[in-house]
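Have a look at the structure that comes next, please.
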Amino acid sequence: MSPVSESYFGIPGYIIFWLLFVVALGLFIQRASLLLRLLKLGQPENRFDRLTYRFINMLAVAFTQSSNLKSFTLKDPAALGHAIMFWGLMIFGVAYLIFIGLGAGFGLYTLFSGSGFETVFYSILDIVAVLVILAMVWVVLKRYLIIPERLKREMGTAEKIIQPLLIIVILGLMVLHFGIEGFRYAAYGIPNPGPLLGASLANALVNSGISREALAITYRSLWWLNFVLLLAAVIYAPRSKHLHPLTSFANLVFRNLAPKGSLKPVDLKKPETRGASKIQDFTWKQLLDLYSCTWCGRCHMVCPAQLSGKPLSPRELILGMKEHLLEVGPDLLKTRRAKPAATTGKAVEAHAEPAAKPQEPGQALIGGVISEDAIWSCTTCRACQEVCPVSIEHIDKIIDLRRHLQMVAMSEIARDPLKNLRVRGNPWRGTMYARTDWTEGLDIKVVGEDSNIDVLYWVGCTEALEDRSLKVAQAVAKLMKQAGVNFGVLGEEEMCCGDPARRLGAEHLFQMLVANNIQLFQSYKIKKIVTACPHCFNTLKNEYPQFGGQYEVVHHTQFIAGLIKESKLKIKPSGKARVTYQEPCYLGRYNDIFQAPRQILNSLPGVTLVEMEQNKKAGFCCGGGGGRMWLEEKIGRRISEIRLEQALNTKAQVIATACPFCLQMFEDAAREKEGAEAPKIKDIAELAAESLEVPQDTARPGNKESTE
Amino acid sequence: MSENKGVLVYCESAGGKLTTTATELLGAGSRLAKASGEELNAVLIGSGVSGLAQEAIAYGAQKVYVVEEPLLKDYSTEPYLMALEEIVRQVAPEIILLGQTATGRDLAPWLAFHLNTGATMDCIALEIDPGSKRLLMTRPVYGGNAQAVQVCEFNPQIATVRTKAMAPLAKDSTRQGQVIKVVAEIDPAAIKTRVIERKLEAAAGVKLEEARVVVSGGRGMGSTDGFKQLAEIAGVLKGAVGATRPPCDKKWVADTQQIGLTGKVVSPDLYIAVGLSGASQHVSGFSSAKVIVAINKDPEANIFKVAHYGIVADWKAVLPAFTAELKEVAG
Amino acid sequence: MKNIVVCMKQVLDPEVPLSLFKIDTEAKLAVLPKATPPVLSPFDENALEAALKIKDAQPVTITVLSLGKKLTRAVVKASLAAGADQLFLLEDESFSDFNTFLTANALAAAIKKLGQYDLILCGIQAADTNAGQVSTGIASLLSIPCITYARKVELVGDRVKVERTLPEGYEVVEVPSPVVVTTNYEVGALREPDVEAFMSAGKKPLTVWNVQDLGLESGKTSRTSFLKMYQPAHDIKCELMGGASPEEKAVKLVAKLKDLKVI
């Protein structure tokens, strides 16, 4: 009864079956092996730690579709559709293995043909197939009639043909399921009880009067058609964007388990790890990311650079690099086979392209696939990685490109701040302040003179050296003094934490600063650090351990919230105000600190906290991260303006910040905005200090302002 | 060498007249000469400059030494140095004054090294010490953050003087003096520098160094648009626009508009500093202005320590009203 | 191969925050703040950039000379990181930041000791003295010309071609080498060292010479001396315009300036 056991034009079905299968498998392996070899072009990377955890985690995420469903909203319910597709095709996959593979291919169909097991399974398949068909109809709607913004992408001719074909294949397979069921039961007997839909269809066919032989022939034809379509999909998947179902599992297994805020360190002594300028400079895992992109476009839709008109799109970064890899990779493989020494790794003279390097076809990576403007537009806000369902890491690729530009290609970008970091230990070229100027009149302990402290207040370059932000440092110090905290500052010895250097790609300056600071911390036996800057917080907490510096690092909002909870700070009622909170990317999305700042705001009497539409993990960047605080924003609209508008939509009178970059960016944007509607922009520490139950310092007009 | 006596002033000319710097040097020189009971002499080097000798006398010179050669038509270090050294040999002055100008900066150190004495550059004050009778030279150091008073134990004592730091005497055409023509042996073969090209660009509008009103902007201006507003004010007041270094680096203005220690030094009647913090290097470029006004949103900015009048506010909020009122009052 | 000598002075950071700048009136020198390391004088960095631009176009050796009483190695070695080939430190107790005469003599002696020198580059003036005399002194002692205010320098065969800034334009001059040329900032900012250079600066040759090594006779004292050095008192009290709004303050200011007859 199995179509495989018949003969066709004298050839036994088994032979045709296995022939077709072997051909398909061969073509699949051919492509898969190319893709694997292309991965091997990449640099090594160790993602093989904690393998059991990685594997189990992947299973959990993939099978619950959690990384997809987290993006489900009523406005964009596509994630649900995908979940249906995923589960549906998983179940069908098992069905194909059992019924086609074991049943037909190995002739074991007698084991379950007509059995209760088969009935149950087919019943499930009936429901699943209906759901998948509905999902596919939804897909057709969304690909051809009402196309969402995030799916709008220029497709090449190949893709334009592939997309409908693949839709037809999947729809075909689902419809064929019913066809095969129906015609088979109709031809050979309907089991009782049979699968609900399948049995109904079979009945209808039986009653239609078609001859048994015709039914049988139709059944066999449909069966073989199904088999061929299935094999077509197998051949096709690794050659299309539907590679992602195959690699996304691996991508989840090998995802980054290091703290979100830590970029991978670079061994500066090795020329081949100083950033990436060619596709083979990336690691195999970075290349695997390229395969796994599903084209969903979610990253594109949340990227503040993209939304403000910059030429950067995280999706285009990944897909452009993938296309580039597929274009130049095969030739690169050929050349490597011929001359392994010339192409493995980089030349020893890192700043001169080795003469032995072969000509690569296609366009260059930097300047071709991705422009320098796009590379510098990234604020490293992590919104892209937050929404990516397959854990693609966009940021580390941009950073690697930046590393090449800064350390090898010697870009002119951010030259002044980086030179100032190298020569003076801070990025604020032109500041008239010394690092201790903000402490004037405040009697702050300097660790160099008295190292008996419980906690180090790490001021950060911006709050020590930038006009507006000095007041935040003063507010923090005031709060800590009021609470009786035994704290001290490094004063003039403090050097930049290194975040701007690292985010701009100047890894050598970063490591120089880190080494210096760790030595300083060691000499003063520093164990606990409080800082008001999320960037310093993130680097000290998540990146200093890479170089041997382990400290208890606390953000000032966590610290102040703690002080309030312990009643070490008394808050008095002050004026009423409607306050909204700007989520700093490096505090919220990167380090999951959402509650502490809100706790403080809620504890200030008179404050009505209103949330912006995009808050917590969906918080929108102010535009200052990724070293962009020191770069001119010349393309498109200012990111800070967009976020300011979002803040103004809450009708808040005060925008509370917890990051000196957010503070500066908003102050600048508010200045540009004409009219009296500009809200007050204050750091949470300033708001808390103003509400302290202490006599106000009348000499400083800034602190006297009420929150009205 | 015979004993050194008297003050010798190196006078530059432009456009057929003595430069204002030259007249200021003569004023300073005359006061120094009087204090030491000596003579004030001037030297003119060039081609077609003898006509200026009378002007030098009118501004205080008692003797004017003139070296005129067609070879000396345009300034060039080697021949001018040879001519000047000839005069110095003949005159043997005790004090030589030059302007802190391109020429003065060039010649003074050469003279010092050739004559085995010392030169003191960019002096803002000169006086004769009543006790030692030596010249006390006050000049800025450390980018203008500090000042130093220097003396030279050797003769001649050479000083270059900052423009507008000294006051000229009132021009008195009735003054009498002697004009002495000197022939300097200038050997063309000894001149190693060959000028291939010289291009002089006429500055549009009021020249920064001569403007009576200067409006300057700093980093706080934010863009070229900010400077357009300053240009409008300068236009109303018939002045010129200057800048600190960052706007030049960012190409919001031309490099030639930079005011400061390494840019131009100006001495206007009115200097308006907008959106700039007042770093010493910049302040040294205009500290001798009669009236200094600052507009800056930061009350702690250094500029408020050197300004006579100020407004603490964002320039964006101030300038429109300021410009409008100026047009009414001064336009 | 031609040898370009670049003289680079280590100076008190000209961008030192004002609150950290103090003059020791006894020593008649600024106190070097602990918090702000010294830097290479900015115009001298431009001089090195001019040398590197020549090296971009033709093979030359760049020799940097730094002179001082006590030189901070990390600071002066930055010249090697930027691309200079060798560094000579002239260090001696008798050296001073403000002794034009001794400095010029020492540098000239060092240059002669190097043997070959085709072009000597300096900044137009040092950030601490603001004088701009040493370059001329070197030229005088070596009996070669000195071309100042260069914004472009080229080595063409055995001649040096310089484009120099004039107050009202520019001129192009040509001089047979060797010659001293001083550079202003229009020559271009000193390039940042790429990471390879940053890491390998320590391996390039560094030699230290003192007064004996230079064969300088004693008695090369300064030709001028300091009577005093001080920070001028800021006795100007700024009169701030009052007013409820910036517009009101602006109007008051105009009235004031009219009163003063400056507008």
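The chains carry the letters A, B and C, assigned in the order they are written, with residues numbered from 1 in each.
The criterion applied here is as follows: a residue touches a chain if its C-beta (ideal position, glycine included) is under 8 Å from a C-beta of that chain, and two chains touch if they have at least 3 such contacts.
This structure is a prediction, so every number in the text was calculated from the model and none was measured.
Trainee: Taking each chain's centre as the mean of its Cα atoms, which chain lies farthest from subunit A?
Mentor: Chain centre farthest from subunit A's centre: B.
Trainee: Name the chain pair with more contacting C-beta pairs, choosing from A-C and B-C.
Mentor: B-C
Trainee: Roughly how many whole angstrom separate the Cα centroids of subunit A and subunit B?
Mentor: Whole-Å distance between the two chain centres: 61.
Trainee: So how far apart, in whole Å, are subunit A and subunit C when each is placed at the average of its C-alpha atoms?
Mentor: Computed value for the inter-centroid distance: 48 Å.
Trainee: Determine the centre-to-centre distance between subunit B and subunit C, using the mean Cα coordinates as centres, and give it in whole Å.
Mentor: Subunit B and subunit C have C-alpha centres separated by 21 Å.
Trainee: Multi-chain contacts only, two chains or more: what residues does subunit B have there?
Mentor: In subunit B, the residues touching two or more other chains are 279, 302, 314.
Trainee: Two or more other chains touching the same residue: where does that happen in subunit A?
Mentor: Correct list: 430, 432.
Trainee: Going by the touch rule set out above, which residues of subunit C reach two or more other chains?
Mentor: 15, 18
Trainee: If you look only at subunit B, which of its residues touch subunit C in the complex?
Mentor: 77-78, 101-102, 105-106, 108-110, 112-114, 116-122, 136, 139-143, 145-154, 192-203, 213, 237, 255, 261-262, 269-270, 279-281, 290-294, 302, 304-314, 317-322, 325-326, 329-330
Trainee: Could you pull out which subunit A residues touch subunit B in their complex?
Mentor: For subunit A paired with subunit B, touching residues are 416, 430, 432, 467, 671.
Trainee: Within their complex, state which residues of subunit A touch subunit C.
Mentor: Within the complex, subunit A contacts subunit C at residues 268-269, 271, 274, 349-351, 407-408, 410, 415, 418-419, 422-424, 429-437, 491-493, 507-508.
Trainee: Which stretch or stretches of subunit B touch subunit A in the complex?
Mentor: By the definition above, subunit B touches subunit A via 219, 246, 249, 277, 279, 298, 300-302, 314, 316.
Trainee: Help me check something: in the complex, which residues belonging to subunit C touch subunit A?
Mentor: Against subunit A, the touching part of subunit C is residues 13, 15, 17-20, 33-37, 39, 78, 189, 191-192, 194-199.
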